[in-house]
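Naming follows writing order (A, B, C and D), and every chain is counted from residue 1.
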Amino acid sequence: MVRYFWLIPLLPGASALLLLLLGPRLSRRWISWQACLTVFLSFALSLAGFVHLVRAGHGSSGLAKTLLPWIASGSFSAAISFAFDELAAVMALVVTGVGLLIHVYSVGYMAADRAYSRYFAYLNLFTFFMLVLVLASDIVLMFVGWEGVGLCSYLLIGFWFERPAASKAGMKAFIVNRIGDAAFIVGVLFLLVNVGSSSFAAINAAPAAGVLGPGLVTLVAILLFVGATGKSAQIPLYVWLPDAMEGPTPVSALIHAATMVTAGVYMVCRLSGLFAASQAASSVVAWVGGLTAVFAATIALVQHDIKRVLAYSTISQIGYMFLGCGVGAYAAGMFHLVTHAFFKSLLFLAAGSVIHALGGEQDMRRMGGLKKALPTTFPVFLVGALAIAGVPFLSGFFSKDAILTSAFAGGHYVLYALGLSGAVLTALYMFRLIYMTFYGQTRATHPAGTAPHVHESPPVMTVPLVVLAVFSALAGFAGLPVLLGEKANWIGGFLEAVLEPAAHHLALSTEVGLILAATAAALAGIAMAFVFYRKRPDLPERTARSFPGIYRLLVGKYYVDEAYDAVVVRPLVRGAETVYARFDLGVIDGALDGSAAAAASAGKGLNVLQSGLVRDYALAFLLGAILFLGVLLL
Amino acid sequence: MRDSDFGLTLAAGKTKYRGKFHGLGYLRYPVALCIGSVLAMILSRNQAHNALFLVLAFSCLGGLFGLLDAPFAAAAQVLVYAGAIMVLFLFAIMMFNLREPAPRERRTLRTFLAAILGLVLFAELAIAAVRAIAPGSVSPGEPDGLAGLGRLLFTDYLYAFEITSLLILAALVGALALAGKKEGG
Amino acid sequence: MSAMLSGLPLVSIVTFLPLAGAVLLVFFRRGSARAVRATALGVSLLTFVLSLLLFFAYDGASGLPELVERSSWLRGGIDYHVGVDGISLFLVLLAALMTPLALLSSWRAVDDRIKEFSFFMLLLETGMIGVFVSLNLFLFYVFWEAMLIPMYFLIGIWGGRRRIYATTKFVLFTMFGSLLMLVAIFVLQAAYSRAMGSPSLTIADLAAVPLSPALQSWLFLAFGLAFAIKIPLFPLHTWLPDAHVEAPTAGSVLLAAVLLKMGAYGFLRLGLPLFPAAAASFAPALSILAVVGIIYGGLMALVQKDMKSLVAYSSVSHMGLIMLAVFSLNFEATEGAIYQMLNHGLSTGALFLCVGILYERTHTRLIADYGGAAARMPVFAGLFLVAMLSSAGLPGLNGFVGEFLCFFGIFAANKTLAVLSVSTVVLSAAYLLWLYRRVMHGPLKDPADRRLRDLDGRELACLVPLVVLMLFMGLFPGTFLRKMDSSVARYVESLRSKAPVVTALELPGRPGAEATALAEPER
Amino acid sequence: MIPPAAFLLLSAVLFSLGVLAFFVKKDLLTQFMAVEVMLNASNLAFLAMAKASGQAAGQVIVLFVITVAAAEAVIGLAIIVLIFRQRRTIRTDELKDLRG
């Protein structure tokens, strides 16, 4: 069974193809089963491969399979070849596992949608591309998956294309991603030309082998990282992710929380050999991650749309992952990626359940008091919130702690402080969300003036929630702090086969202190939220009034969108319009029409010679003949 | 006529082939007749006379062709040119039925220019002719005669020959289409 | 297979079958539109099938032209000399594929003077294929010019409102270029005659003639101008949007898919091999123009209000990339350029077909008149999307393979230009997706408008083959690249052997890249 | 043996006279006759060279020229007749339609 691991991506791919071609003719039942089953099979295969790797222990080189000699031209070659190593196994499990749950959840969530088959076709297609990205053993093939998930993200954000906002958000996502991808391509080109191979093994080995000079390593790593900032929504290319919430909620959960947006982190981990070789590039990664973590968290504090809060939270959490990678703790970054996939998709799906229950309402100001009405959604939401806030013994606690500890251990104290303050903010905005949504009085209004009929979602939606909640709660035990023993950090050990190991070790007391600090941060955030949004609901407004500037800045999301629009988009379009009118139509075409006019007037001048008498023409002819003959005779 | 004598003696005097020119004597008359009738055509203002002068000139040329060992060309010249084509011209003149003779030609700038250019052209052609006969430029030999000509026509020049027949056909149809139409439809 | 075919003059058959079909059409009665259409389509389809045989018969091991037919035609080295090699083979296939599709696309769109229309289309096909298969310079020129005539009429008779302006501009531009080329051809022939004693216009022979640097430069410029206009290279591109906007759909399809390739093909077949030293010395300047064209075309496409001129400007941008690759003068870039020529043919052809399909329904090409068409035309939306993504170079589709090879080759030659050219990745996504959003997405412009029906069988038959081919070429580029390999290797080899400057193609002030060594072909 | 140079010179004389006639005359018909004179002059040159070089090709050309001249005369006269019918004149200084 393990031998057929290359079917992991192909199964959802085949399903997507079938759905795209035959979609509208198939029954909903068939579509649901086909879509979920193929992802389930992929999951089963991933699990089998994972078990195989665990059993084989260290020293196994993983599985590899070349399907096609894809592009080969001169010194450039890239094959469609998959590899299944520890890193890919973890990621594939997350993608197929969370993906499966979200597929199942979607069966319920999208039940009423007209374009049911199209939705599942896109979702399957996404799974396919994501798995290609994960399993690719060469960077060009990874780029196929990389762009493919971008495409699916475009398609799914704009799934309800009749809504202008959705269509616009989809386009924005794709184009912003492409900006990153352009840098990524340049990075890949540097690698291809200098390393001479596109396989990850060769690239990771290149800095050590001296094939890439130190300057080049930094340049390439930063270029690739720019690509990652696009895909993983980091500063400065994060702007598309909040808008992407226009897509269906399960899509936000799968693509814009659990899997695709973390592809950048996965890529950095995949190329950890390259990134680790450049101190400068690593610092860039760490700083961008750390700053994004805090930056996005501050915006999340003042958002009113429940999904946007989660979107900014996602940006912030991915910032943590990059922070981890940047300080050399790749395993910790990956660990956080896994736990984040669980609790963030849980949060999104639960938010979807809330939205579903309220008939499409997303504004938290019109929610409240849903605790009783949603007996399953509330507890699982709470679990997710506790996990992300970093309350001890839930998954987020361990993974975040692993990152912060590594930052501290590496001597990056400023980054550590950033991370810690981000943790406070995380707890704060998450519990703000909990209190606004589930506690207090209902503020829900209905167009008709009657209270909407709030109802809990069907089991097909709640069961995945519960499963995810269990994982969000317990996944942390895969990577316990090292102070509990050398083997405690199981996932770190597992991934060590592929990733660069974290170098630093701390004294026991320091580590305990850090854990306590993290716990304190989480609790402080929750306490603040409790005070602000539960005990003294008037406080937020008063605070806002006392710092009007900061508040407006936050609500305006630092006006980054507006700045991009004013500095990049509008000058480009206006400039192009001007150039088109003035230069293309004016100068170039004008020159042409001008020369035509000149030729015409010259013709008029020469018209004097045209008497219309045959004899004059003949005379000219004779003159020509004489001259010609004369030349011949000379 | 003085013109021709002048030309021939000029050429004869210039070259060292003087010895070969003694046979020219009896040629003097057809040559003179030919040139004279062309001159007469230029001077006369009656179109019918012009056509008849041309018949005369072309007949003389036909004789000269025969002297150049081209009997078939000579026959064709007399039959087709002097006969058929010029008769065609006469028919055309008859159709116009012009009562008054053509008006006097005025000596315009254009005529003067044309005369000068004609002289220059003649000078050039004469030079070309003399050079063409310069030693080494030609290798005399006997033509194959009429049979050889026929063979050439139906082998090397077969396509050209066939195309000419098509051309004649096209001319026939064209002339009918052009001139055959009644005025005003 | 090839043994069976060896007796047949396959190349000539493929070239002249459309012409024969066109002559056949002349004898049809005026009223029999259906029969005329069916015959024209049948002939072009048969041509395509035969051209597929060409693909199988071509072996490609030596890299030299195969299936060569040669017989003397006129004096002065003018021979009838045709054949295909790895560079021309797929362009012949492209022309043979696009013509039936273009004919099919105009099944309903053109109902005026259908006989003449079909006649010119078939004539155009012969011209296009002829240009690609000619191995004699004079023959090349004859076909090159012969192609112009039907296109002139296609735009001038069946075009839009400003068709006369557009077609005159088109002819003036292209004629201007090709006349200079004709002069250059004669000069070249004379030079060969002087050097070698007997005249020849065989392209392979002419490459061997030694030319003084000055003469070489002039000749290269004369040829280059003709080709640059055809490509079109910035700033000679302004005829293209006009011609495209006014041309009927079928004309636009062939113009974009095949005719633009003539320029790039001309550089590959003539411009560079005949004048390698001049080409190398002009390459930096032309490369810069190409880069400007990439960015300029992309920006202009962004602000177009007419769908057809948007696609036309996108062609300027894409062809710029192809030119840049051609001037990178290394193996990967050249192969990428050829591949990208095919891709551009398919994707832009498909885009014009899509625009034509929309135009047939609503009779407007203005983007602002559309909105939400995807709701009414889901199948069309899907196919349009694929065509668009292929044009934008999405991995997994054909565009990516060509684009990436081009990038790779360009990068190996000059990093700055490569980085600038990568901007097309962003620009093409921006203008195409924006177009797609405005036309296909959003609320329906006029919900009562029933004209926007989904595709019928005929339109599917137009688009589906292209989309399938896009996927196939994206996944199995080896099928195509392997047939090109030895020809391209031979081509690059000969350039390098003749002009050592070529390897150090770097802009002034920038030291030669250490990477160029890697760009040497392996075989 | 008649020297070819003599014939060539005669040909030159006739040709020049033809040219002169073409420009001096003002009616289409006579101008057309002048063209015929020039054609004959060239025929003479062809034959002279054929004789000098001993190749029959010159004679073949002459035959073609005569044939083509016949066709040309037919068409030319037809055109002249047509012009006369429409304009009632064949004077070339009155025909100015070539002026655009």
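Here, a residue touches a chain if its C-beta (ideal position, glycine included) is under 8 Å from a C-beta of that chain, and two chains touch if they have at least 3 such contacts.
Source: prediction; values computed, not measured.
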{"item": "Chain located farthest away, centre of subunit D as origin (C-alpha)", "value": "A"}
{"item": "Averaged-CA centre spacing for the pair subunit D and subunit A, given as whole angstrom", "value": "87"}
{"item": "Interchain centroid distance [CA atoms averaged], subunit B/subunit D, Å", "value": "7"}
{"item": "CA centroid of subunit B to CA centroid of subunit C, Å", "value": "56"}
{"item": "Approximate Å spacing (C-alpha centroids) for the pair subunit C, subunit D", "value": "51"}
{"item": "Residue list for subunit A, restricted to those that touch at least two other chains", "value": "615, 619, 622"}
{"item": "In subunit C, residues with contacts to at least two other chains", "value": "none"}
{"item": "Multi-partner residues of subunit D (each touching 2 or more other chains)", "value": "19, 22-23, 26"}
{"item": "Pairwise chain contacts, counting only pairs that touch as defined", "value": "A-B, A-C, A-D, B-D"}
{"item": "In the complex with subunit B, residue positions of subunit A that touch it", "value": "615-616, 619, 622-623, 625-626, 629-630, 632-633"}
{"item": "Touching residues (chain side subunit A, partner subunit C) in the complex", "value": "20, 24, 68-76, 80, 118, 140, 143-144, 146-148, 151, 154, 158, 161-162, 164, 167-168, 170-171, 174-175, 178-179, 181-182, 185-186, 189-190, 192-194, 196, 572-573, 575-577, 579-580, 584, 588-589, 592, 596"}
{"item": "Touching residues on subunit A, where the partner in the complex is subunit D", "value": "607, 610-615, 617-619, 622"}
{"item": "Residues of subunit B defined as touching subunit D within the complex", "value": "3-4, 7-8, 11-12, 15, 17, 20-21, 23-24, 27, 31, 34-35, 38-39, 41-42, 47, 50-51, 54, 57-58, 61, 64-65, 67-70, 72-73, 76-77, 80-81, 84-85, 88-89, 92-93, 95-96, 102-103, 105, 110-111, 114-115, 117-119, 121-122, 125-126, 128-130, 132-133, 138-144, 148-149, 152-153, 156-157, 160, 164, 167-168, 170-172, 174-175, 178-179, 183"}
{"item": "Subunit A-touching residues of subunit D, taken from the complex the two chains share", "value": "19, 22-23, 26, 31, 92-93, 95-100"}
